[in-house]
Amino acid sequence: MEIKDKLGAIEAILFASGEPIEIYRLSEASGVDAGTLPSMIRLLNERYEDCGSGICIKKLDSSFQMCTREEFAPQVRAALETKRTAPLSNAAMEALTIIAYNQPVSKGFVENVRGIDSSSVINNLVEKGLVEEAGRLDVPGKPIVYRTTAVFLRSFGLSSVADLPPLPGQSDLVLETEEEFVDRELAEAKQTE
Amino acid sequence: MEIKDKLGAIEAILFASGEPIEIYRLSEASGVDAGTLPSMIRLLNERYEDCGSGICIKKLDSSFQMCTREEFAPQVRAALETKRTAPLSNAAMEALTIIAYNQPVSKGFVENVRGIDSSSVINNLVEKGLVEEAGRLDVPGKPIVYRTTAVFLRSFGLSSVADLPPLPGQSDLVLETEEEFVDRELAEAKQTE
Amino acid sequence: METISFKLEVFEGPLDLLLSLIAKHKLNICDIEISKLLEQYLLYIDQAHEQNLELAGEFLEMAARLIYIKTASLLPQPEEAEQMKRELEGALIEYSLCKIAAKTLADAFVGGNIFVRSPMKIKADMTYTLVHEPERLAIAYSAISMKNIKSEHAKLHVENKINSVVKRRIVSVMTKVVHILRQLYDSGEVYMDKLYEGVTDRSARVATFLAVLELTRHGRITISDDNTMIFFKGRKNGVDRSWRSKTSSEQ
């Protein structure tokens, strides 16, 4: 059977790679057209659902990843002998939220909103794989900018940042954009020169 | 369904553990009696077989392990190799150039210039064969130093590192050498003692 | 003053503390009463100091900012104070939105309940195969700011940050004290505006203000009823050193 084989190949690749795998890479390796892939993944997910499988395939941005279903968390935790992961601290959640809604942003932007040094908080988010480097800003100091990762999406049950919950009162209270922030910083730097 | 849930739990555990898992541990974590486990595993394997799944469960001594089916090995390998054709990220390119222009240098040196933790980036460069270890520095901590490889030269069409393109405005970019960097770090370490 | 037996709440930063004070004292976030906020803020800083609570330098910077807004609002042209107050209100609103959004996002956290697996260990040749122009290297290299070295270097001394902020403040306040006294030695009186003339740097303005406060507190100067003039009170031989050392030890 053609389709059966393709589904098997997709499953094997997702299982073996462990990490999220981009659609184009999955398509290249499995020989399944990138346009058809989403419907194939849907077929697999339906099958898992029907037989109450312990696994499922999640779409994270333009990647797919195989993971366990939430409901089996207690059993998996018992087997791996891991403790419940401690939730993120308030400081980490604040920094993560600022990065998620304004990405890509520099550390300076995060610090400006929080009003306090955020280096260690951001380093911690990088270590946890929730945010990653996304190049540098072409302004004096060439600051590194950060964006959220597939781990972030998976951890918060999102399939893309477009799915982030709307900001509270966004309509009447607009956050300063990274551009405006940089402009202002530059203007201030000039003044003090 | 009772059985359905148990099968799901067994699947989730086997999926997440990666390594072979002892029968008694699997039994404990899933809540399935050790005596019944083999027949449950058989049920799962039959299901996988029926739908031509890409995964299966193997028994090794007194352990079980979930793996991909042999027949999909070519696709799995192909997926892994698609990683090779992925271009270097900005972060990787930065780390590579710092190593290229200042070799041999330690990870600490790269991190100091980039202003961010660069462990995973450097490991990635080593995996791709672009840089390699070149001994250790004779300072406390004995950090590993890195240099570029023949693969690096080939990838950038160079015949030796002496042919590296000159840096624009190099005169005003006075970078401290690895030696100066180490000296400074040592001096600082002494100060904080 | 009665002893404080309760444990002080710890805040994420000065904005967090301000928001809590605004909520506690039912102030309007869109039109803050600066005097009341400043009073409560300084009270917290004092209590934190008494309980040896380590506060980041940003807390002191915010105190200076509030003091500055309050002073500037007493000046005949309070436009700058208004502007700074609006900026502060904007920052507070933005930060409170961020906190709400962070809470919503935190509620959606499922990361602890979903497990993934590490990649299967398969022997494969991972050697890089792409070919690039050598110029890519020079371009990538110059994209890194060499300033990073210095700024990172500075960050190694974060632990000294509070000290250095305080030290810097003493020095600059003392400089301004001397500066003001010099002007007063000559004429015995000076316009308040003149002290701020040409001083655009925020910290220098704050220092000038604190210097005036310091001198008033020690009875060296008096200020006219309409806050425009400063008068020198009693000419002595040189500056009385006793309060100077006291000021530094207080800081």
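We just call them A, B and C in the order they show up, numbering each chain from 1.
Everything that follows uses one rule, which is that a contact is a pair of C-beta atoms (placed from the backbone, for glycine too) under 8 Å apart; a residue touches a chain by one contact, two chains touch by 3 or more.
These numbers come from a predicted model, not from an experiment.
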{"item": "Innermost chain, where centres are averages of C-alpha coordinates", "value": "A"}
{"item": "Taking each chain's C-alpha mean as its centre, the one farthest from chain C", "value": "B"}
{"item": "Centre-of-Cα separation between chain B and chain A, whole angstrom", "value": "19"}
{"item": "Centroid distance [mean C-alpha coordinates] between chain C and chain B, Å", "value": "42"}
{"item": "Rounded Å distance between chain A and chain C, as computed from the means of their C-alpha atoms", "value": "34"}
{"item": "Shared interface positions of chain A, touching two or more other chains", "value": "15-18, 66, 68-69, 76, 80, 136"}
{"item": "Numbers and ranges of chain C residues touching at least 2 other chains", "value": "115-118, 120, 122, 143-144, 148, 151"}
{"item": "Chain B contact footprint on chain C (complex, rising order)", "value": "115-118, 120, 122, 124-138, 140-144, 146, 148-149, 151-153, 156"}
{"item": "Chain A - residues contacting chain C, complex", "value": "15-19, 65-70, 73, 76, 80, 84-85, 87-88, 90-91, 93-94, 96-98, 100-101, 113-117, 119, 136, 140-142, 151, 154-158, 164-165, 167-170, 173, 175-176, 191-192"}
{"item": "Chain B-facing residues of chain A, complex", "value": "1, 4-5, 7-18, 21, 25-26, 28-31, 47, 51-55, 66, 68-69, 71-72, 75-76, 78-80, 123, 126-127, 133-136, 144"}
{"item": "Complex interface listing, chain C residues touching chain A", "value": "12-16, 56, 58, 62, 91, 93-95, 97-106, 108-120, 122, 143-145, 147-148, 151, 155, 158, 200-201"}
